[in-house]
Amino acid sequence: MSTIDPNSSAPESPEEAASSGTLIASIALKQRAGGIAVPAVTVVVAFLMGGLVVLATGHNPLLAYRDIFDGAGLNWIFHPTTNLVNTAAYNLSQTLLQTTTLILCGLAVAFAFRCGMFNIGGQGQYFVGLFVANWLGVDFAGLNPFLHVLLCIVAGTLAGALWAGIAGFLKATVGAHEVISTIMLNWIAIWVGSWLFGAGGPLQSSANKSLPVSNDIANSAKLPVIWGQQELQGLSIGIFVALAALVVFWVLLNRTTLGYEVRAVGFNPEAAAYGGINVKKNLIRAMAISGAFAGLAGTIDMTGYLYHYGQSDIPFSSVGFLGIAVALLGRNTAVGTGLGALLFGALLFGTTHGLTSNVIQPELAGNLTYIIQGLVVLFIGADVLILYVWNTRKKLRPRRARA
Amino acid sequence: MNDEIVLEMRGIRKEFPGVLANDDVSLDVRRGEVHALLGENGAGKSTLMNILYGLYKPDAGEVLLRGRPSSFASARDAINAGIGMVHQHFMLIPVMTVAENIVLGIEPHHGLFLDEHGAEQRVRELSERFGLAVDPGALVSEITVGQEQRVEILKALYRNADILVLDEPTAVLTPQEAHELFGIINSLKTDGKSIIFISHKLNEVLEIADRITVLRRGKVIETVDAAGATEASLARAMVGREVLLRVEKAPAQPGDVLLSVEDLRVVDDRGIEKVRGVSFEVRAGEIVGVAGVDGNGQSELIDAIAGLRKTESGSVSIGGRKVTAASAREMLDAGLGHIPEDRQRRGLVLEFSIAENIELHDYARAPVARWGWLFPKKMIALARRLIREFDVRGGGPLTRAGGLSGGNQQKVVAAREIARDPKVLIAAQPTRGLDVGAIEYLHRRLVEERDKGRALLLISLELDEILSLADRILVVYEGEIVGEHTGEVSEEQIGLEMLGGKEKAAA
Amino acid sequence: MTAWVERLENPLSARLRDPATTGYAGVLLGVLAAFLAIPPIQSRTITWPIVVGIVGVAFGIWTVTRGRTRLGWGAVASAVIGIGLGILATHSGTSNLNAVFDAALIAQTFGFATPLVFGAIGGMFSERSGVVNIGLEGMMLMGAFWGVYGADKGGSWVVGILVGMAVGAAIALVYAFFAIHLRADQIVGGTAVNFLALGITGYFFFQLYHGNYIPSGVSQIPNVKIPGISGSHFLGPAIGDLNLMIWAGFALVVVSYLVVFKTPIGLRIRACGEHPRAADTVGINVYAVRYGCVVLSGILAALGGVYLSDGFGGGTFINNMTDGRGFIALAALIFGNWRPAGAFAAALLFGFSSAVALRLQVYSPSASTLFNVLPYVLTLIAVAGVIGRTVPPAADGRPYKKQ
C-alpha cells in the first residue's frame, strides 16, 4: 500500500474538489459559471487581438473584417436573394458548404470530449472517409444513385469510425493516450493519401497519368444540390445531413443509455465502473462514434462538391483541426458546435476564396484565420482568466447575484 | 524536557469559505517535549500545522519561534527556521532513491555535478545516529511504508529540524512499526528535539505525549499534562458530550445466510496479497461489523465482494448463488448493494443530477429506459420519491450532485442502494466526513434496513461505529480474521485484536 | 525498466536466462534481417533475411511465453517488418539499391534527424518538469521562419540563430503562462500554439516577402569539414562535411544527459515532474523550474527549426516548413522513453526513415510512403507498450497549484 499520491494536494476550493478533475468536468464547471457569455467574450477578444496584428502590419482592421464579412457572404442578410449570380448569395452558399464540414468535424471532437477524451485525429478520420468515398464513388459507377450515395456514406462513415476506433482500442486495452495515437494516425492517413493520389497510386486518375489527382466520382454518387448547380459547386443536401447530425448528437447523448454511459465515463470513470458501466467498451465506442462524424464529413465533402481529390490538396485541408476550435468554442454542445461551425466556416471561406479586397490579401487573411483560431483555442483552454475578469467585474458592480 | 519554550502560537485565526478552521488558537511547545494535538476530523489540527509550516497564512495571531515573532511565507522558510513536517501523505518521489529524496533541494555537489556518494554517506550517518534504519540507495517505490516514514523523518533531520511535526503518523503503520516509531520519538526527545504529535487516537497520545492540547471545532478546549489525563476525560473534551456509544436497537433476529465468503484471497495493485483466506457469513437481519486498522485488507475485501477487483481464489455467494469473479454489474444484479467508501470518487458522478445518479446502476432498465432509449421523466419521478423518503436537502431531482453537502450526497448514495431492494448491503465507511446529524440519520436507517431482513456488512475505521451498530464483530488484521465476537465485548479486547492480538496494547 | 537495470548487476548466467534478453535480441534480429539485404552486404537471395527474421520471430514467441508479452510481440513485429523490408530490397535492382543506400545517406540521416533531436530534447526538458508540450511543432516552425528572417535581415546566420532562439522563447513563454499560471489544459494549449505559429509565420512570410519566396544568398549555417576524413571513401561523404548544428545536436544529447541526471538542477527538474508537491515542500520553486524548462524547450525546438530552414533547407522558407517534424520529435521523445539517449536513437531511426523515403521517391512511391509512415507506426507500437512500458514522469500534464 502506498500513501504516495503525486497528485494529491491540500483542499482546493470546494468547487474544484467537486469537479473530479477531468477536462470535460472542468469545462462543464466553467460553462455553468459563465454561460454563453464566456465563449462570446473569447471570440471578441480573439478578433480584437487579430485586429491588432492586422493594424500593426499596416492594414485597416475594421475594413479588413468588413471585407471578410462580405467574403463570407454574410452581407447576404441585407439583400437576400436566391439568385447565385449575386456575389453575396454565392459566397453564402460556399460558407454554408464549409459550415457543413465544420459541424461534423466539430461534433467529432465534441463527442470524444464528452467521454473524457481528446480526439485530435479528426483530420485523419476526415481523410479516411474522403478516400473511401472517392474509391467507391469511382469504382461503382452505374449503380442506382440512391444506393450508390448510400454506399459511399455508410462506408466512409464506417472508415472514419474504424480509424478513430484504433485509438480508442489502444486506450482501452493498453492505456495509450489517445492524443498521441490520434496524432500518429493523422499523419499516417496524410501520407497514405499522398500515395493514393500520387503518380502511379491506386486512386490516381486513369485518364491523365501525369497528374497526381484522382478520378471524378460517378454522377450516381454525387449528392443532390439544393442551391446552385453541381458544376459550379453548389450547396448540396449535405447541409441537412450536418444539421441532422447535430440533432443525432444531442439525442444520442441525452436520450439514450449509450449517451448516459459515455457521459458518466467522461465525468468520473471510477464511479461509472462502480455503477456497472463497462468503461473500456465505452472508450472504444465513443472514439468510434467520434470518428464516424469526421468520416461522414469527408464523405459528404467528396460526394457533395469535391468529386475528386489531389495529392496537392492534402496539405491545405485543415477542417479536422478547425473542428477542435469549433467544439471547444461551442463547449461540446450541439447548439454551440453549430454556431461555432458557422463562425469558423465564415472565417474559412471569407478569408480565402471569397475575399475580394484592397485592404488585405487572401494570403494574409487566410493566415489571420489560423491566428484567430489559435487565440480562440488558447483562451478556451484558459477560461480561468476570462472568468476571473468577469467575476471581478461582477463584484465591482452592485448587482443581484445570479441564481 | 525543560521549561524553555521553543515555539508559541498565539491567537491564531484562520477562516476558509464557510468554515472557521482555527478560532483564537494558542499553543506552546517546550524543548525536548512531545506535545500532542488531539482532535476529531475537521477540528483544525492540520490547518494549524499548515500555518506553522508556511503553507497557509493566518488571518490573525502570531507565531513565535524561540521568543521571536516569525512568519513563514513558504515551506522553505519554515525549514530554514528548524521546523520539519512529516505529512500524512508522504511527500516522497517513488522513482528516486532514498538518498535523493532526502537531499532534494540542498544537494551536496562537486562543482556542477551531484555528489551522489557524499549524499548516501551523510544519510547513512544520520540514520545511524538516530536509529532510523534505511538503505540510502534503495528506490522509494520498493521500501515499506514504515521505512518511507523514516525517510520523511530523516528529511527533516537532514535539514537540522529542531521541531518535528508528525501528522497522524501511525495511520499507515503496523503495530510493530508504530512501536518502533515511539522508540525513535523517545530518542529524538533525548537529543533535545521537540515533537508535535497530531492524532485522534487516545491510547497513543496517552502513551507517547508529555502534554496534550485538545482541539474541537477550531477552538482549544484544554491543554493538560498526559500524566493526569484519562481516555474518558480526553474523549469528553474532544467530543464535548458524553460519548454516545450505543444506538437504540432491538436485538438481531438472524435468518438465512445471504452472503457467504469462503477462503477468499485478493491481491492489491502492487501484487501483494491483502486478503489472505478470509471466510465468513452474513445472515438476513443482522449487521456484521468488520473492525481493523486501515490497510489490513478491508478495501480489497470489499472490492472483491463488489466485483470491482479480481479474486485470486476462494468464493463469494449471494443468496446461495455463487458469484465469484463476477463483474460489478453481475454482483449488483445478484442482489448486492454497496455504499462505497469514497462517495465523491466512486459513489457519485458529481456533474450528474441527483436523478441521474440515482439511476447509476439501473439506467438501462425499465421503467427508466427501454431498448436503449431513456425516459428522463421517469427518472425524475423516481428521484423525487427517494428525495422525500430519505430527506435529502439542498436541491431537487435536477440539482447537480456536486452542489449538495457531504451528508446529503451520502443520503443519495444510500437511497440509491437501498431502493434497489438488495439482499446484501455493504456499507464502507458510511459516515466518513459527515456531521453528527447525518451520522445519526444513517445509523438509524441502517438498523431499519437490518430489521427489514437485509444482511448488512459494515466496514468502518471508527471503532465506536462498529460497537454501536454491529450485532456481530469480525476483527481483521493483516488480511485475516483474527477475532469474532457476538454480544457485549470491550473496546480493549477489540483494540488488542486490531493491533495484532498477541502484543499487549498500549495502556 | 528499472528491473532490467537491476538485472545488469546479476551474474551473466542469470542475464542470459532472462526472457528480456531474448526479447531484445529478437528485436535486433529483425533489424538485422532488413540490414542484410541492403548495401553494403546486399544479399541478393532472400534466404538470409528470412532465416534471420524467423529466428527473430522465434525469440519473440519464446519471450511471450516466458511472460514478457509486450516485448515478445515487439520482437515478432520487428522480425516480420525486417523480413518484409528484406524482401522488398532483394526485389529491387542492385544499382537502385546502391543509389539509395550509399555513404551520403548517413549524412542525410543526420540532417533529417537533427531538427528531431533538438525538438525531442527540448520536449524532454519540458515534460521532465511536468509540462506536456504538444506545441513543439509550432515552436519549431516559428524558429524556422524567424531564424531565416534574422539571417536575411541581420546579414549573418548567427543573428538568425539568436532571433530564432528569442522567438522560440517568446512563444514558449506564452504557452508556459497559460499552462502553468492559468493551469489551462496543456494539450489544448499546445494545439493553440501550433495554430498560432502556422498563422503567424504564414502571415508574416507573405507580409514581409511579398512574392512568397526568400531571396537566395541568405547566410546559412556553415558545415564543419573534418580535415583528413573528407577525402576518405566512406567516412568522407558520411561524416566529413556535416553541418555545425548536427554536431551541436550530438553535444546537446550529451549535455542534456549530464544536466538531467547528474546535476542538482536536474534532480529538481525531475522532482517537479514526478511529485511537484514534494518538491514544493522542500522549498523548490516549482513554478520557476517549469517556466524555465518550458522556455528552454521552446528555444531548443526553435533551434531545430532554424537549422531546418537556414541549414538543411539551404536558406529558404516555405509555408508550414516543419510539416509534422515537431510531432515526429514528440514521437521520438516518447519512443525513447523520455531519456536523452533514447530520444537520440529514436530521432536517428526516424531520420533514417525519412532520408530513405526521400531517396525512394524516384524508384517506388509506395515504398517511399512506407518509410514516411514508419516513424508514426513505430511510435504507435511503442505507446501500445510493446517494447517495455513507456512511462512518462508521474505528474506530467497536471497543472500544479500552490496554496
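We just call them A, B and C in the order they show up, numbering each chain from 1.
Definition applied: a contact is a pair of C-beta atoms (placed from the backbone, for glycine too) under 8 Å apart; a residue touches a chain by one contact, two chains touch by 3 or more.
None of the values given here were measured: they were computed from a predicted structure.
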Handout entry: Most distant chain from chain C, judged by the mean position of its C-alpha atoms
Key = B
Problem - Dominant interface by contact count, named by its two chains - result: A-C
Handout entry: Separation of mean Cα positions, chain C and chain B [Å, integer]
Key = 46
Fill in the blank from the handout: chain A to chain C, mean C-alpha position gap in Å, rounds to 30
Exercise for the section: For chain B, write out the residues touching at least two other chains, lowest number first. Expected result: 50, 55, 92-94
Fill in the blank from the handout: Flagged in chain C as touching 2+ other chains are 274-275, 277-278, 394, 403
Problem - Residues of chain A touching at least two other chains - result: 4, 6, 8, 10
Fill in the blank from the handout: Residue positions on chain C within touch of chain B in the complex are 2, 258, 262-264, 266-268, 270-271, 274-275, 277-284, 394, 403
Problem - Residues of chain A defined as touching chain C within the complex - result: 4, 6-10, 12, 23, 26, 53, 57, 118, 120, 170, 174-177, 179-181, 183-185, 187-188, 190-192, 194-195, 198-201, 315, 321, 324-325, 328, 361, 363-364, 366-375, 377-378, 380-385
Handout entry: In the complex with chain A, residue positions of chain C that touch it
Key = 134, 174, 178, 182-185, 187-189, 191-200, 202-204, 206-207, 212, 274-278, 320, 323-324, 327, 330-331, 334, 365-366, 368-369, 372-373, 376-377, 379-380, 383-385, 394-395, 398, 401, 403
Fill in the blank from the handout: Given the complex, residues on chain B that touch chain C span 50, 55-56, 74-76, 79-80, 85, 87, 91-96, 100-101, 104-107, 109, 112-114, 139, 155
Practice task
Give every residue of chain B touching chain A within the complex, in rising order.
Solution key: 16-18, 50, 55, 88-90, 92-94, 140-141, 145, 148, 172, 268, 270, 272, 274, 295, 306, 308, 327-329, 332, 338, 340, 344-352, 356, 360-361, 363-364, 369, 372-374, 376, 400, 402-403
